[in-house]
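Naming follows writing order (A, B, C, D, E and F), and every chain is counted from residue 1.
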Amino acid sequence: MTSSFTRADGRSLDEMRPVSITRGFTTNPAGSVLVEFGNTRVMCTASVEERIPRFKVGSGEGWLTAEYSMLPAATHDRMPRESMRGKVKGRTHEISRLVGRSLRAAIDLSQLGENTIALDCDVLQADGGTRTAAITGAYVALADAVAALRERGVLTGDPLLPPVAAVSVGIIDGRVCLDLPYEEDSRAEVDLNVVMTESGNFVEVQGTGEAGTFSRDQLNAMLDSAEIGCRQLIAAQKAALESPLKG
Amino acid sequence: MTSSFTRADGRSLDEMRPVSITRGFTTNPAGSVLVEFGNTRVMCTASVEERIPRFKVGSGEGWLTAEYSMLPAATHDRMPRESMRGKVKGRTHEISRLVGRSLRAAIDLSQLGENTIALDCDVLQADGGTRTAAITGAYVALADAVAALRERGVLTGDPLLPPVAAVSVGIIDGRVCLDLPYEEDSRAEVDLNVVMTESGNFVEVQGTGEAGTFSRDQLNAMLDSAEIGCRQLIAAQKAALESPLKG
Amino acid sequence: MTSSFTRADGRSLDEMRPVSITRGFTTNPAGSVLVEFGNTRVMCTASVEERIPRFKVGSGEGWLTAEYSMLPAATHDRMPRESMRGKVKGRTHEISRLVGRSLRAAIDLSQLGENTIALDCDVLQADGGTRTAAITGAYVALADAVAALRERGVLTGDPLLPPVAAVSVGIIDGRVCLDLPYEEDSRAEVDLNVVMTESGNFVEVQGTGEAGTFSRDQLNAMLDSAEIGCRQLIAAQKAALESPLKG
Amino acid sequence: MTSSFTRADGRSLDEMRPVSITRGFTTNPAGSVLVEFGNTRVMCTASVEERIPRFKVGSGEGWLTAEYSMLPAATHDRMPRESMRGKVKGRTHEISRLVGRSLRAAIDLSQLGENTIALDCDVLQADGGTRTAAITGAYVALADAVAALRERGVLTGDPLLPPVAAVSVGIIDGRVCLDLPYEEDSRAEVDLNVVMTESGNFVEVQGTGEAGTFSRDQLNAMLDSAEIGCRQLIAAQKAALESPLKG
Amino acid sequence: MTSSFTRADGRSLDEMRPVSITRGFTTNPAGSVLVEFGNTRVMCTASVEERIPRFKVGSGEGWLTAEYSMLPAATHDRMPRESMRGKVKGRTHEISRLVGRSLRAAIDLSQLGENTIALDCDVLQADGGTRTAAITGAYVALADAVAALRERGVLTGDPLLPPVAAVSVGIIDGRVCLDLPYEEDSRAEVDLNVVMTESGNFVEVQGTGEAGTFSRDQLNAMLDSAEIGCRQLIAAQKAALESPLKG
Amino acid sequence: MTSSFTRADGRSLDEMRPVSITRGFTTNPAGSVLVEFGNTRVMCTASVEERIPRFKVGSGEGWLTAEYSMLPAATHDRMPRESMRGKVKGRTHEISRLVGRSLRAAIDLSQLGENTIALDCDVLQADGGTRTAAITGAYVALADAVAALRERGVLTGDPLLPPVAAVSVGIIDGRVCLDLPYEEDSRAEVDLNVVMTESGNFVEVQGTGEAGTFSRDQLNAMLDSAEIGCRQLIAAQKAALESPLKG
């Protein structure tokens, strides 16, 4: 990683874009967060439903589900609205499932009672890394929803587990770059999304050779970079949660 | 209308909630506006597509289309996402069509070239009057999109027509109330949505006896109140468009 | 409104097309009516289902729902069948909802028991005004279904309220015309649908500037004309219901 | 077949219900027929579309397609509308395909030019035999559509082939009965639908052991009965087509 | 039928293609059969579900249902996958219904308890006669599923009825040919599918004049040929069921 | 990894199940392979379509797409057929996308001409590892399809790249196990799918903490095990491709 390489936005290779987490973004859901990774902006909400899906009935546990979606005008060229097409795209399904699995690592379902927490991650503006921003913001919305349930006396224990955050890393022109905006993402040879806990363990590791393959050494370098990003994101999550919730 | 009646938020009967119009809310679409009527918040975008639908081919004209949608957590109780249900609700279709018809009254399609303007009105937070806020905000997004097209030299003439704005009026306990929040809307006997131009003419008048019928006199009183609201909204649209667009 | 203006079918400006209401058009549903406004022909049926939708359970009330549809060959050019497209058009949804709201103004749901009345309005031949004919005919089918329920002893009280009828009015070349056939409808500047009760109150008022806007004075002139039409339709409904039901 | 057996409607075993064929039932499609077999009533229309489906392009031939559907209130208990369910039932598909194949035996596609004839068979009232009534009525609608095309000079040759008609036969309590109403159809052991040409040849033979199997002798007895019915139906088709078309 | 006519594969006119029935083809379903008619290969499985559909509740009987499907690459040119299209084709529905009706003739539902047997017939390779192979193979899968239920003590009686098999016959260049491969099927004037029991009775007879009509004599000749085929298939079914089931 | 741990099927921790690759499994598609990993059996076909999707038009390149699906009776309990549900499950979309990305790493699209290769991976029997078996088998089907295109003279160059294979690894009771059957997969704490090229580079790495998280050391141990499996699979692919193709 020589100093001669420059990223379009002037960042160093393992530098995150500016990260912003706004709690209480809307007021109806139990948790509502606007998360920003640079120009990527995702609204993450956590709604509580006092029921559980059929396959959990009798388990004595709660459930957590997630849906990810892009607003039609979030991207540079408007995309058709999935509800009007009558079909959800495979990419949307794939990311919704990833968000759900990732956040279930941040909640002890046995302490949730027979409640379902529904996470909605709606991308208002897309500039790369929308799924990782969604996971990172959703944790904060989840924390606020759990706090609301505890305040209302619905829960006696505390199902919330330590933070989970996610970041993307890519290889561009052979260099490992952290937190790719769209312009970089679209020309990356390799793309890795990492979901990590506060203790540094992995929840998900998804690496894809979009335009090439990657060696074990490259994977290791990307994982090193991802850890830098995730630690910074977890600090941002904790800082956001320590400040008083507006409203 | 006696002084003894009080609205929950302290407004007088023909007083609007605070109105806010934020241009340049997101940067990818040609026009992007966040419109707020009290706690109702709608993101309105105008995207330009350099093609026209089949039924307009050969007409020498452009087209304008609109889609309205609620985010799942916009309401007090989370609603299922329409894309996941695989079906768009009748209410959504009905409002999308209303927004499209209303805004086509604000554009001269013969001056638009073979372009389509796609308006997307996504409700981030719902507290009554979402369709009227959507129409009011969409005009400003449309104006910005037309300006962008003219700046890029795509259009030589100016297809934008004078402002169109919309407001709801209802009858609650026999009194005509302007701009209903959800709490009032849900117990109104009659609900009237009015779309009006700057000249005071109507584009749409939709009155519904949700829980009762209404007399000609009541209709007239509601139309009077709506005019007050629309004039104020048009002033807000013009003020927003006169200030420089951020970004 | 000068006498020099002539309508293609020779009617005066505030004259309805010939109206015909045939009860007992088919025999399986509890109420079955063929309603004709000139060449527009709609089959309206009222079927009784001894259950209520989930959102009414525990309310002690019944429900009324409506579906409007056009047969594929009802129009001049055949339209694709919605069941084969896999999607219901927005226009269809919009009209179904209008018919349902309108007819709920003609029934006291608290007197209906835990029954649902399903109204189906299928357009056999379309020549303008299909939604207003549907509402007008559906009232008669509803009356017959309620009578059948009472005859079978299912109902002790009488949930049927006084008649509701609907008519369209438009502005063509600046003149207010009542009950538009397709040829007039397609070139009207403004289109107003009015649903009215026997007492002269409004259930719905839907005015649309299809190709232009309309002033308060024009709205008033159209409402005057609509009242003439609705009164005539209500007389026709009552006459139809007074004659013995064939079969 | 002893004389002691009596059918509920008093018919003899190989007697058809009263058959009625009304041409010009509606005016928009090129051919429009109301066909009645007793209480079964089907509206059959033939619409001309000046295009051919993709798989026929370049063939120099036309095409004929058919859709069968039941109105929701056609049956004793209302059935959900297929467009609202979002899915077409297998039974509907099966009958639509049968009607299409049957009527393609009545048209010389090579004489039709690059036109498609779309047949729509909508059951207004169902009392057994709806598919056979649909086929029988559709032939007459097809004949009128072809005549209209020839009158307009679109066709120089005559693609219409001799009549095709259809009837059902069943075995009830061991006896062969012609033209089953619903009450008989629902308790028949075997059900046979036969589509026949004027020359006595078969277009389709579909026999089903609904509640039992059937021997070769029983099949022969049913085919004999079906021939009686089809000959009578073809006579009715020809009589209908010989009288002048109203309107 | 002169000796000068030769079929592409050298068979005589009333000779079946080689038939193979492999039991225990897969191990998860209660019955699993690979059936081959020449190059046509269909996997037929019978799965037991310990519930019955709503319309059978309270009947004291079980139910049998069937689904037929083609894998996308089963045919010479790949066909779009129905699940991705979001719609099932009419042909698929039609055949699924035929398989279900046919196999219900091979089971005494009153002896099945409140269980549903779900038959799945998935065509791995298509070379004509897929629906008849599916029915023939499904009987064997059904027999194995019933045997498994009896072995597990779920059933005390024996609901299995004697064999049902199916074959296609066609008329090509005026000659009656048994068991058509794709090449023959695509140029046959008439196509007849016959489902027969061991006693020689019919369950289904479906004859279609694909490119012409057929006389009573031709129908009789085709039925004679079909009987030859079905008897041979039933012998193959019985032979397969007499050998021990692998696994 | 102590010797005291035993797997239900007696394998050592880094031992694959028996692998079998059968080419020419069916004859219609250009490539057709049955791949077996123990009891998991997947039919993989490669079909050639002489067109490219819209987004590739003008690129001068070909395309490769993949669809994965489970037959309803592939699993222990029958699953509803996705075509009948009208919706494809998220899991299916996710795996289809994975297979497509993986195999695009095995083809040089610029050497493929304007052709699309459609891979279909249909699971006949599922016992864990279906997605990895699908990828492994699809490579062989792809190789056969490319060979067929070259033989037919459609391609002059050779777009086929060296083999790509995939395997799953999991952590069970703290031990890293290679190639999990269903019984192990369902109780694994962590699940990793690795897609690797012959050179030992990664195409995809997807690790998921299904019931827990995993450390960097555990990830490394799983990657080591996966490499053992992939090298063995690539040897099996090459051996299969070296033997002559039957038929």
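The working rule: a contact is a pair of C-beta atoms (placed from the backbone, for glycine too) under 8 Å apart; a residue touches a chain by one contact, two chains touch by 3 or more.
It should be emphasised that the depicted structure is a prediction, and the values quoted were computed from it without experimental measurement.
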Distance in touch steps, counted as few as possible, from chain C out to chain E: 2
Partner chains that chain E and chain F have in common: none
Other chains in touch with both chain B and chain E: none
If chain centres are mean C-alpha positions, then the most distant from chain F is chain C
I'd like the angle of the rotation relating chain A and chain D after CA superposition, in degrees, nearest 5. 180
Max Cα-centre separation from chain E goes to chain B
Distance from chain B to chain A - Cα centre to Cα centre, in angstrom: 32
How many Å are there between the centre of chain B and the centre of chain C, using C-alpha atoms for each centre? 28
Can you compute the centre-to-centre distance for chain D and chain F, using the mean CA position of each chain? Integer Å is fine. 51
Shared-contact residues (touching 2 or more other chains) in chain A: 86-87
Sequence of chains encountered when the ring is traversed from chain E in the direction of chain F: E, F, A, B, C, D
Of all residues in chain E, those that touch chain D in their complex: 89-91, 93-94, 96-97, 101, 105, 192, 197, 199-210, 213-216, 219, 223
Per the touch rule, the chain C residues reaching chain D in their complex are 26-29, 32, 39, 41, 43, 45, 47, 49, 67, 69, 71-78, 81-84, 86-88, 92, 118, 120, 122, 124-126
